[in-house]
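Once you scroll down, you'll see the structures, which are given as structure tokens.
You will see chain A twice below: alongside chain B first, and alongside chain C after that.
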Partner chain A sequence: MYGFEALTFNIHGGYLEAIVRGHRAGLLTTADYNNLCQCENLDDIKMHLSATKYGSYLQNEPSPLHTTTIVEKCTLKLVDDYKHMLCQATEPMSTFLEYIRYGHMIDNVVLIVTGTLHERDVQELIEKCHPLGMFDSIATLAVAQNMRELYRLVLVDTPLAPYFSECLTSEDLDDMNIEIMRNTLYKAYLEDFYKFCQKLGGATSEIMSDLLAFEADRRAVNITINSIGTELTREDRKKLYSNFGLLYPYGHEELAICEDIDQVRGVMEKYPPYQAIFSKMSYGESQMLDKAFYEEEVRRLCLAFEQQFHYAVFFAYMRLREQEIRNLMWISECVAQNQKSRIHDSVVYMF
Partner chain B sequence: MSGMVDASSWGAALVRISPYTFSAIGIAISIGVSVLGAAWGIYITGSSLIGAAIEAPRITSKNLISVIFCEAVAIYGVIVAIILQTKLESVPSSKMYDAESLRAGYAIFASGIIVGFANLVCGSVSSFSSSFLTSFGFWIPLSDRLRFSCRLCVGIIGSSCALSDAQNSTLFVKILVIEIFGSALGLFGVIVGIIMSAQATWPTK
Partner chain C sequence: MDNFLDKLPQMDLMRSEKMTLVQLIIPVESAHRSVTYLGELGLLQFRDLNADKSPFQRTFANQVKRCGEMSRKLRFFKDQIDKAGLRCSPRHELEPDIELGDLERQLAEHEHEVLEMNSNSEKLRQTYNELLEFKIVLQKASGFLVSSNAHAIGDETELHEGTYSNNGFIETASLLEQEMRPEPLNQSGLRFISGIINKEKLLRFERMLFRATRGNMLFNQTPSDEEIMDPSTSEMVEKIVFVVFFSGEQAKTKILKICEAFGANCYPVPEDTTKQRQLTREVLSRLSDLEATLDAGIRHRNNALNSVGYSLTKWMTTVRREKAVYDTLNMLNFDVTKKCLVGEGWCPTFAKTQIHEVLQRATFDSNSQVGVIFHVMQAVESPPTYFRTNKLTNAFQEIIDAYGVARYQEANPAVYSVVTYPFLFAVMFGDWGHGLCLLLGALYLLARERKLSTQKLGSFMEMLFGGRYVILLMALFSIYCGLIYNEFFSVPFHIFGGSAYKCRDTTCSDAYTVGLVKYRDPYPFGVDPSWRGSRSELPYLNSLKMKMSILLGIAQMNLGLILSFFNARFFGSSLDIRYQFIPQMIFLNSLFGYLSLLIIIKWCTGSQADLYHVMIYMFLSPTEELGDNELFWGQRPLQILLLLMAFIAVPWMLFPKPFALRKIHMERFQGRTYGVLGTSEVDLDVEPDSARGHQEEEFNFSEIFVHQLIHSIEFVLGSVSNTASYLRLWALSLAHSELSTVFYEKVLLLAWGYENILIRLIGVAVFAFATAFILLMMETLSAFLHALRLHWVEFMGKFFNGDGYKFKPFSFALISDDDE
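Let's look at the complex of A and B:
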């Protein structure tokens, strides 16, 4: 019953919600980012980070640091937090937390299949996979030749199996088809997650619907922009858009026929929340679009913490951490390559 | 009374229930439901407190106040139960179904219900940022006999208090004020209950 979750939420979720709010207090603030942006080299960054929650993860690293090491260790903290929460959770929170991983699983699958296509070594690819998206038989992905084999050999035993019904073809895997497969899988995953949240009801479904709708719309815009000028037909493009969100269904029809960015902008400006995003960019420019979307996403995720007694705080925390790791990666790269003037291009401040 | 009411109607059946029954049930409800409310409030606060104290250990001692407020409600229930049971007297069986005895029995019953449910509900008030307070306060019907205030009230506020204290320690006292108001609801119930029970005079021999 919406409004009365406060009576019974704490039975199963009170402890974990308090823990995730404690983790949220450990996210880096603007002051931290300012300190990091002033660093001269990666050792400075390590020193600044040792005062934050990342300290225990970075302190044992030997001195010539690489940016990939920093990112890897910070991701390790995210994974540890997640695993701790997952093992303490009961149904339905544990299913909710599992859903958060499926996006990473899809990314890992696509990474390995693409890498195999370009004749990379499987072990090297597995090391690059995101730790949250690992599953047991992931190395076997390198053996598959087409999608049907991919499904039959490996994916039928994973939680991604139900998302495959729409993309089981016998076509060989090439770059274009892999991207289509990634987007089809992600579309099925988002719709499944959306339905699950609706079933949970209450504040969880309200907040998650908003966050997932934004995600679906953002992906629709990215798919449109990335497929301008490629051989993806309009019908194929339309099939990749999700069945929910602010843009469904009329926005999708208009986006499907867009041929350049200004047309996309014209479509999006009819929707007030997205008009605010697009108004930040001048005409013809699309590099800032990613950052504008990230900023809007972070704003909505921070708002999820305003209510108590719902599950969306877990989703919001994971996403905010991932954004923070992206920030750290960008800052480390800028510092390592001595391009500190470009640091502020891509860092999204949270609080 | 028996002349005015048809002997096989529900009204007659209710009137034939012994006033001792009503009194005893009232006393039981006063202590039982108060303790239920206190326990409910304590677990709501306690689970959040435990989790928040992992990252911010300094909040533990101050936030025990929330738990103490919940506990106070159980004590109200005990006090009122003791008061009520001293009001219970024996009447000769010829006068057991007189209007005066029935009135005394009902008074004790109502007093018990008032205190019990007032304490049950007076725990739950919304967190400082959500609007549960409004939804609770206006949903629950205010009848003069059954005033639902929530001990759940203090429990839910206590939970939010712990979480916000962990983030920003200046918030603690401000949220405590909300809890005090919530606690006052239980006190209202106790006052009204005691006033009701004061008029529980059994007919003398």
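Let's look at the complex of A and C:
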């Protein structure tokens, strides 16, 4: 590829890029959100959404709606879009699209394992899983008692298998272990995805590197903040950081020894792109951090659409839709619980 | 001149209908009925006066929601009826119109009923499925058990007969709750679990079992012979019966968990054959019981659905109409007192009395004290374009609308297209054999018009059907042009008498080398059949068709210019006539009109003059003697005059118009700056939402000048390139006749030359396919597209603005069409 994507990209990717850009045009705009925020009940939300791309998914729902139904149907649309694109894709785009769902797979694995640990019903857990992260033998996860079994029984067949090389212990599963497993898996996944994008080259690698680096850095910050005050050692903490991104390697050294949120802030403010995020927050506050990160992510994802002939648009579209579904969930919850004043707390506007 | 033009009869389609902006003030109590009646009439287009409000903030949002809910229920019924495979013909007897509230209640009842029956039958179905699976497992698994027993005994392992505890098991209730009781073969040693699983999951299931037990198990499988319905998708799936032998308590829990994870249903099978038989009997009897119950349930449900199905279509239209009415009501505004609804809309002027009547009827029917106030308003905004078309003109109007909807009341090219379009097509497609084939197709579509118009067609068929009258006219004109060209699948015919030529001697040996002699009057209609196959056939036809294309082109472009004159007269813009129409006419006709004149003179006199030479040297050296190329006396001075006129026409169409416009603008706005501001503000205060907004047009001289410059250049260059563009008529007709000659001579005649019947058949087949697909389909399409281009660009470019918008009345008839 290397700079000459325009010559050959459209042979295999042109149709799908057109599709994904069409899907992007269907994302809700600020005007839509403003209208949604004025809704009095969930039926109003349904009525408003019926004029959008979600219309056909919601039209056959009986009237007393629930937030979960809205979210479920909206997710169904995302999954349908994804599946349609996946069936049309050829190599290497299909691999790229597959990579997008590995994150959900990791989350689902963790969800099921945690659930079984707390003796919840497997069927109930499976319903809660993100449909993008489903794989055939996911229900069997409940059989496993420790990591080694988990790997040997189930995950060896899934694409997640290579990521397990770092967390094969015979320890019994507990909450802490699972959380470490999730982060180790995520680290391996992000690094693998990063490497894959580098291999693709061209605009894809350029934009995806930026997006993935941001993702890795955000995870690093979150891991740091969440592990403050736990028994996780500094060395272990450092092992969970992905080995790329803006913070790698010096930022990681510093983050590993942070003891409270202000120290994290001190570290992050040395990096200009993150300075803006942290400067919005007052000292000692970490509540708004998520939203600030989401906003920054959405900004970067939207920028991915400014270039043509690359795969990052697919990643960006999926992420933006997910953010949109999060927004809809929040709005619906606020409307359902009569907390309309809090709607704006967590909605991230896109366009 | 003016008198003559005014006396011309009015053409219906020439100008779009006169539209009026009307305001309705409807009392709340009669609003719904009035709008319903207006929807039945379908001649009023409402303007949205609440465009700034989101759908759920509007007045009747609640009713719209109710309608949405009802149509969801109706869709549910339709779905259920389709699933049940029922075919309900709607009862045609007139049912009384049903009130919305009643309908809502009825629907809710029906839905409740159907849902309840569904859940009941689902439960029954599940039980039935389980029993069925159990039966299959019993039948299949017993085979394994017997063989494994024999095996085990042979190996001298301690295998007792399965001690199966009867109590509790026979009560199949435990079974229904999906409890599994793996039967211990031996308390310490080997045990087994039997069950049934989807075929596609089998392989992974087996692998997982193998991994989980580290290979310490024995897996037996056999396909079940019957297919079992999957309750969630109600599809029939193939299932496989399996029996797993294992040992140990730990393995058991693991295997059970895996079974659960894979959705495998486990059923216990007693080892004892007598018990097996007893169990099978019991299961079978329960199965037949259940089957009867299920059937009864389904019959009951089908009855209920049938009763819904009778009125389903009617209900659906009712709900759709109600929704449309409320959507329209949402476009109206409440007045200050909240007792009236105020609406604005466009209607054709001729429909005013009808609308008035309808509104009066609505007032009367709803026993309202106050009538609906209906009055005409003045509009600033341009009205919508509405043509009353019929079946024939509709297709042509669609062709024009595809380019752009005509500006309000501007000359409509569709009037002329009805004839010129099929004619230009036929010039390119001239072959009366092919024309007859097209005609047959068109007649078929017309004969089945009534049937086809009611049913749903594929996109391709729908296109053909929509254009059936276009195809009919194209076919008729093709036959006409084909007769002129004397082409019938490229075979010449002596239809209109004998040829004017004959051979020099009786042997006719030199007919294709030396030529023929003319011995009597020319062939009376079209091309003499003797030209076919002669050496000079191509030069003769080329010269004929090329000149004819130019004549047709100039004629059509002149028509376009004349239409621009009619437009200018209609809109009273003498500026356009003086500084645009006249110079354009002069320019076009002094160059290409003159060429047409020369062509006609040459045809009439049979002169040998070279027209290329005449036209080229008219520009290069206008004063030079013409010599042999002189066609008539005084040609040279005329040419000089025409050339001068063409040169004068160019600045004429470029400069005066922008300057004149500027002058008019200056005069109009001298010293009027204050007054305008004041009135506009007052107006805005009174009616903020109305169409009477003031539009102050900015006058920008340079923009207008540049626009005029572009327009003039386009016309001057265009008159050359457009004339050349009409040569496509010649090119395509040549290509068509050459292609059909090739297929006729090189395929059909060549194959016919052989004695072999097979080769002849192949030849006929190839000829038929080539004629059908290449000549009749591809060529039709290409000639169609070229005719389209000639109309859109060369013809309509001369006068057509095409920046209007279509009249979309609120009409129930239109709604039911496009909602599906």
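Everything below uses one rule, namely that the second predicted complex is superposed on the first by the 350 of 351 C-alpha atoms of A that agree within 3 Å, B and C clash if a C-alpha of one lies under 4 Å from a C-alpha of the other, contacts with A are read in each partner's own complex, and residues count from 1 in each chain.
Everything below uses one rule, namely that a residue touches a chain if its C-beta (ideal position, glycine included) is under 8 Å from a C-beta of that chain, and two chains touch if they have at least 3 such contacts.
Note that the structure is a prediction, hence the values are computed from the model and not measured.
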Exercise. Is A:Tyr15 in contact with chain B, with chain C, with both, or with neither (first, second, both, neither)?
Worked result: first
For this session: Have a look at where A:Pro249 lands relative to chain B and chain C in the superposition and call it first, second, both or neither.
Result: neither
For this session: Based on the superposed arrangement, let me know which partner A:Ala51 touches: chain B (first), chain C (second), both, or neither?
Result: second
Exercise. Touching A:Arg152, do we find chain B (first), chain C (second), both, or neither?
Worked result: second
Exercise. If you stack the two complexes on chain A, which partner ends up touching A:Gly266: first (chain B), second (chain C), both, or neither?
Worked result: neither
Exercise. Just chain B (first), just chain C (second), both, or neither: which does A:Gly201 touch?
Worked result: neither
Exercise. Intersection of chain A residues contacting chain B with those contacting chain C?
Worked result: none
Exercise. Given the complex with chain A, which residues does chain C contribute to the contact?
Worked result: 54-57, 61, 64-65, 68-69, 72, 75-76, 201, 204, 208, 211-212, 254, 257-258, 260-262
Exercise. Touching chain C in the complex: which residues of chain A?
Worked result: 35, 38-40, 43-44, 47-48, 50-51, 59-63, 122, 136-137, 139-140, 142-143, 152-154, 157
Seminar exercise, completed: Listed in rising order, the residues of chain B that touch chain A in the complex are 40, 43-44, 47-52, 54-56, 124, 126-127, 129-130, 132, 135, 152, 156, 159-160, 162-163, 166-167
Exercise. Chain B touches which residues of chain A in the complex?
Worked result: 3-4, 6-7, 10-11, 14-19, 21-23, 25-26, 306-309
